[in-house]
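Each chain carries a letter (A, B, C, D and E) given by its place in the written order, and its residues are counted from 1.
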Amino acid sequence: MNAPSDKLDAGTAVLCRDATVTYPGGVCALDRINLSVRQGERLALVGPSGCGKTTLLRVIAGLQPLTGGVCQRSGGGTQRSGGASQRSGVVTQRSKVETQRADSRAGDRRSVATSFVFQQPALLPWANVLKNVTLPLSLGRRRDRPSATEMREQALAAIHEVQLTDAAKRFPHQLSGGMKMRASIARALVTRPEFLLLDEPFAALDDLLRNQLGRLLLQLWRHHRFTSVLVTHNIAEAIQLSERICVMHQGRIVSELDNPLSTSDPHDDLRRTSEFGVFFGRVSDTLEKAASPDMEGSFA
Amino acid sequence: SQRTEVTSGDTADDSIRDVSVQLNWYPEVEHGGVYQSVADGTYESMGLNVEIQPGGRATPVAPELAMGRSQFAITNADDVVLFRAQGADVVAVMAAVQDHPRCILVRADSGVESLDDLSGMTLQRQAGRAFLAFLEKRGYLKDVRQVPYHNSIAAMVTDPKIAVQAYSVAEPLIAEQQGLEVRTLMVSELGWNPYSSVLVTTGDMIRESPEVVREMVEGTVAGWNQYLTSPEEANEAILDANKHGMTEEALRFGAEQMIPLAMPSGKNAEVGTMSSVRWQELVDQMIELELVDTDSVKAEDCFTTEFLTPAE
Amino acid sequence: MSDELSDNPGPTRESGREIAWTVLAVIAVAAIGIVGWHLIVVLFDLPKLLLPTPWQVAEAAWQHRMVLLDSGWITLWTATVSLFVAVIVGGGVSVLFSQSRLLRRALFPYVVFLQTVPIVAIAPLLVIWSGYEFRTAVIATVIICLFPIVNNVTTGLTSVRSEHEDLLRMYGATRWQRLCRVQLPTAVPFLVLGARISSGLAVIGAIVAEFFVSNGADYEGLGAVMTGWQARTMTDALMAALAVSTLLGLILFGGVNLLSRLFLKRYLLVN
Amino acid sequence: MSDELSDNPGPTRESGREIAWTVLAVIAVAAIGIVGWHLIVVLFDLPKLLLPTPWQVAEAAWQHRMVLLDSGWITLWTATVSLFVAVIVGGGVSVLFSQSRLLRRALFPYVVFLQTVPIVAIAPLLVIWSGYEFRTAVIATVIICLFPIVNNVTTGLTSVRSEHEDLLRMYGATRWQRLCRVQLPTAVPFLVLGARISSGLAVIGAIVAEFFVSNGADYEGLGAVMTGWQARTMTDALMAALAVSTLLGLILFGGVNLLSRLFLKRYLLVN
Amino acid sequence: MNAPSDKLDAGTAVLCRDATVTYPGGVCALDRINLSVRQGERLALVGPSGCGKTTLLRVIAGLQPLTGGVCQRSGGGTQRSGGASQRSGVVTQRSKVETQRADSRAGDRRSVATSFVFQQPALLPWANVLKNVTLPLSLGRRRDRPSATEMREQALAAIHEVQLTDAAKRFPHQLSGGMKMRASIARALVTRPEFLLLDEPFAALDDLLRNQLGRLLLQLWRHHRFTSVLVTHNIAEAIQLSERICVMHQGRIVSELDNPLSTSDPHDDLRRTSEFGVFFGRVSDTLEKAASPDMEGSFA
């Protein structure tokens, strides 16, 4: 199914064409989404609760099969309608089998190391924080897998970055809500991914930590130039951490805004500048307009 | 016993042969002759090292022979016919008990005097046994409720309407010990009387090692003769092999009961003998009872008396 | 088999195609097994009463088809009723157990007793007390199938998630409300798991009970028929009967699965 | 009993005091049961052959203590080995099943077969193939205990939470990694549940197997002893043997619980 | 154990004296907390992730036994050290039994109807949104329980308030993260509680919804004057929704600030006023000071 015509341009990390997801219940979570993400770009997705942000992120990650359209990821697999039953052990249509193989092979090779911070922490309850964070390092078929001590050190470093060092030996059920999310963030960062998907990673954290982790992200980005897609409800956060902001509403991308402030080094006073205020207002207005009754009518 | 000495002399220079005898049930008086010959060294003196393999519930007698794990077995004549009908080459070479000890046990206060009065009773029996088909065919089991046998006569204690399948050499004593007065109704008196405690072997064995069969037959006949005279030594061996299921008293009683069954005429010479008339009658009966198909078994294949007569 | 617990509830998951594949696979395995069996018999030249060929078994099954059908039906009925009773009784006992830790600890050993006692040993007693009746066979079978239900459902009822515990305490739920709203729904997947195990045990239990309980006239299940055939060393017919008993097991097992899918699906989803 | 799944792991939960209460409760129930039993025997004037008094049973137990001890030990050993083998084999089969839906569907009916086939019916065949050996008893017992393990562990292995599935896919876990890191830990509570059921079945299985296998003089478990006593209608001794078999069941059951608490605690916590 | 000396003043809703919680692992989540909440007061708890906010809320709700000190709630039970094993069926010490009884009786009587929005949605997975929201109405021993149709109507009204009407028939696994939290909020509001405990209720929601629900809360408060304790990371939210802000750090309440803006009607422009900015800065500074190294030393 990896037909040559499907190949991505060199500089494109993700390309969705008419990507559509309708859940079994009949809910259309994604409605003909067209989106392209450049290599090394930092994209933010904002939009009201239930508009399909998580679904889009999962489609990009290859976790959610499409019911229509195509979504390609460079070095990863191609999601298209038809590859529906990805978790089934029995696949009957030949095309399905192939799609699936391509996907899983892609996952195994991990030509592009991808990390996902899920909206829920999704920690393994039987493993302590350290083990949970080490997990991604020990998975996959990588030849150059680090030694156990190296893994441990890298994991401890990531845990330190999210300020969980004291709780490294605790089990998930012994953590507070925010601590669980931090462990989950550490798990995503520990592999130094080339492609980072973040689903409201900082929602459960206080501003101080949020800013620190935001700075950490930007700092990592300056070193590694990974591609990232960030879902957030916090417009300020979206502005500080992204180069482009896509506003979603009811399964569609209703607006794409280039972030004029993206090149600036993040400093705490950024929020107090007038450019920030202006752009904040623009994003905010777009969101509100999307939710206003007349717009709603056009999407219903 | 003189003959035994002669035979042992003949085979003295042969190496000792190992043979195994598969019993069809837990060790009991029905296996007395075999235990006797093992215990008093009769087999050994003939150059046979006999190992007794006790049986139990659903012991696969014919398969044990067919697999060659045992060279001999003790079973009932009707089973021999059944085995042959199933294609197993099992041949009877000696029959220790002439009159089958099979009986129906009823309480003395049940009002049942003979097997003709069974109707209205509940009979605990092991389904599939040939004597049942016989009783059924002859109409003795009309209006008799047939239920499974529980390997015990406990049910009779509470219910006088219960009859139990039994062996006249065993259960009557148990009933007596429980303070229960019982009546023993022999099935053999009705004309169903296959040989019991039959020593069997395979056709291959007879063809390939007739001398071993002969020694085995002779040793077993001698054992039975001895057992019917003085069973104490063998009973001890049986008790040892079946210490939870037997008592000394039960064995003594059984051995006593065994005498008229093994020697209806009272003569020692009768022990072990078989006649083609009775085998033919048995096969005919079983065909009539539809237990085996016509022509699937021939009476003359079921047994051979060649080892019962002294070697030429 | 056990995918309800993990798969998304897509209405098209259980497509006809997949069922066809399953049937094909099962048949393929059966074919391989039968050919292998036949070869063994032929190669080792085994006598029929030791191990008949598949063909001989099929012939015997055909020859005794009426007996197998009748007695199989009786056994199926016994097993079904017993499984039903076991689920009701076991569920009730588990509810009791879930209400008090002390009660649970005091009585659990006696439930283990029921599980450990060889039915073969107590069947005669049961018969004396209850007679050669369908009822007696059901009692014996229920004794056999009870434990998996009690063990699983009790575990399920006491496995309420701590967040739901908090919820119940917050809103002052009564014992009864707690039981109906949270404990029972939590226990459903455990019940299904236990009922599946018991569905197999019910068939074997019914057969074993029939070894002891059947009466020639009106209650003669597979167990009784098998005893007779065993006594006559009819190995081929016996194996046909074994095949029927397996079929019964599969029917009950499938029934439990089907019912749970139809009526309990929402409780089986892990989210 | 089944509190590991729901209780917080407080180190002092299982205090000595609580254990004492439990023992007391169990004994209290036993006392009530024994008095009731005695009253029934006395009131209905039941013959000893039918139902002996508790005291008569105790006497018989004392009289036959050496036999009970020896044969009980043998049966316990058979049951323990069988349970162990069943866990290993059942776990292995489940792992196979968890790897392929097709395989699972193709072979599951045959596992149900093992569960449904009355051991009483195939014991003679087993004896023919494997002889009057300890081995044969173990095989028969394993057949009996296998299904709860396979059923539960397979369900456990295929019940991975969808969030964990996502995690595994994200990081390109291999089948092996998936199995070790997530599937097996997820299956542990199911395994414990199954092993508990099988612990009871193992005892009953061992006893039934001994009915058939231990006719030889060199191998004599509870089952063999019970057959003998049954033939002699020694109801009192028989009941003592039943009590011993229950004790064995409790020992195995307790052993499974203890081991799971000691080594698998972290997998049993629902958070 | 409800000794008369423990009785609360008429106007006090909650009184904690030296309330201490040390978890089995040895973590001291609450360290001699002293706190009193007046009837009808709106209190906010802010503090860094893992500082013990959730634990304190659970103590107030009577869900978390204390390992030291006392916490009383008017009309509710008394939490004190010693009532440790509340979920155990076997309690051996007489005093424990009594404590427990007192607690559960209090829960049953619900002399003060209490609702708790947990940090995790804690929905029943086998019930749809409507059933989940109806749950609190149908629990307890209330004589005056509404009829089934009334319950349904009340639940639908609450669902409408959190804008989930379209999803009322969906099951939790069919909801997005924010929708789950909204269902959880609806469940808490449906009983019109007199005492409301909220653990980061709006963290997963977008600003628009957050503001709307905040307004809803204030509106309800104007009608019912319930007592409420709100845990939040969002300082602006704390200011808009509370009369007093407690700043926590490492298990202690390090500062209590009366909110000068609490009386004002909430309007969107509040945030742009200078008073808001000043108070925001004060709370923010207190938080940061608490987290600064030298302060940290004093708590360690």
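In the analysis below, a residue touches a chain if its C-beta (ideal position, glycine included) is under 8 Å from a C-beta of that chain, and two chains touch if they have at least 3 such contacts.
A quick map from chain label to UniProt name: A, E = Sulfate ABC transporter ATP-binding protein; C, D = ABC transporter permease.
In this text the structure is predicted, and so the values were computed from the model without any measurement.
Out of curiosity, which chains are bumping into both chain B and chain C (ABC transporter permease)?
D
As a test of understanding: of all chains, whose mean C-alpha position lies farthest from that of chain A?
Using the mean of the C-alpha atoms as each chain's centre, the farthest one from chain A is B.
Could you report, rounded to a multiple of 5°, the rotation needed to superpose chain C (ABC transporter permease)'s C-alpha atoms on chain D (ABC transporter permease)?
So the angle, rounded to a multiple of 5, is 180 degrees.
Cα centroid separation between chain B and chain D (ABC transporter permease), in whole Å?
39
Report the inter-centroid distance (CA atoms only) between chain A and chain D (ABC transporter permease) in whole Å.
The mean C-alpha positions of chain A and chain D (ABC transporter permease) differ by 48 Å.
Can you check how far apart chain B and chain E are, centre to centre, with Cα atoms defining each centre and the answer in Å?
Those two chain centres are 85 Å apart.
If you look at chain A, which of its residues touch at least two other chains?
Touching at least two other chains: 87-88, 90, 120.
Among all residues of chain C (ABC transporter permease), which ones touch two or more of the remaining chains?
Within chain C (ABC transporter permease), residues 8, 21, 50, 101-102, 104, 124, 128, 211, 230, 270-271 contact more than one other chain.
Taking each residue of chain B in turn, which ones touch at least two of the other chains?
Residues 58, 60, 63, 67, 150, 152, 154, 158 of chain B each touch two or more of the other chains.
Which residues of chain C (ABC transporter permease) touch chain B in the complex?
46-50, 123-124, 127-128, 132, 211-217, 224, 227-235
Across the complex, what residues on chain E touch chain A?
Interface residues on chain E, with respect to chain A: 23, 25, 27, 46-50, 53-54, 119-120, 167, 170, 174-179, 182, 199-200, 203-210, 233-235, 284, 287-288, 291.
Quick one: which bits of chain D (ABC transporter permease) touch chain A in the complex? Just the residue numbers, please.
Listed in rising order, the residues of chain D (ABC transporter permease) that touch chain A are 99-102, 104-105, 163-174, 177, 181-182, 185, 188, 266-267, 269-271.
Using the touch rule from the top, collect the residues of chain C (ABC transporter permease) that touch chain D (ABC transporter permease) in their complex.
Those residues of chain C (ABC transporter permease) that touch chain D (ABC transporter permease) are 1-3, 5-6, 8, 21-22, 25-26, 28-29, 33, 50-51, 97, 101-110, 112-113, 115-122, 124-125, 128, 147-148, 151-152, 154-155, 158-162, 190, 193-194, 196-197, 200-201, 203-204, 207-208, 211, 223, 226, 230, 238, 241-242, 245-246, 248-250, 253, 270-271.
In the complex of these two chains, what residues of chain E are touching chain C (ABC transporter permease)?
Against chain C (ABC transporter permease), the touching part of chain E is residues 58, 61-63, 87-90, 104, 107-110, 114-116, 118, 120, 122, 124-126, 135-136, 138-141, 171-173, 191.
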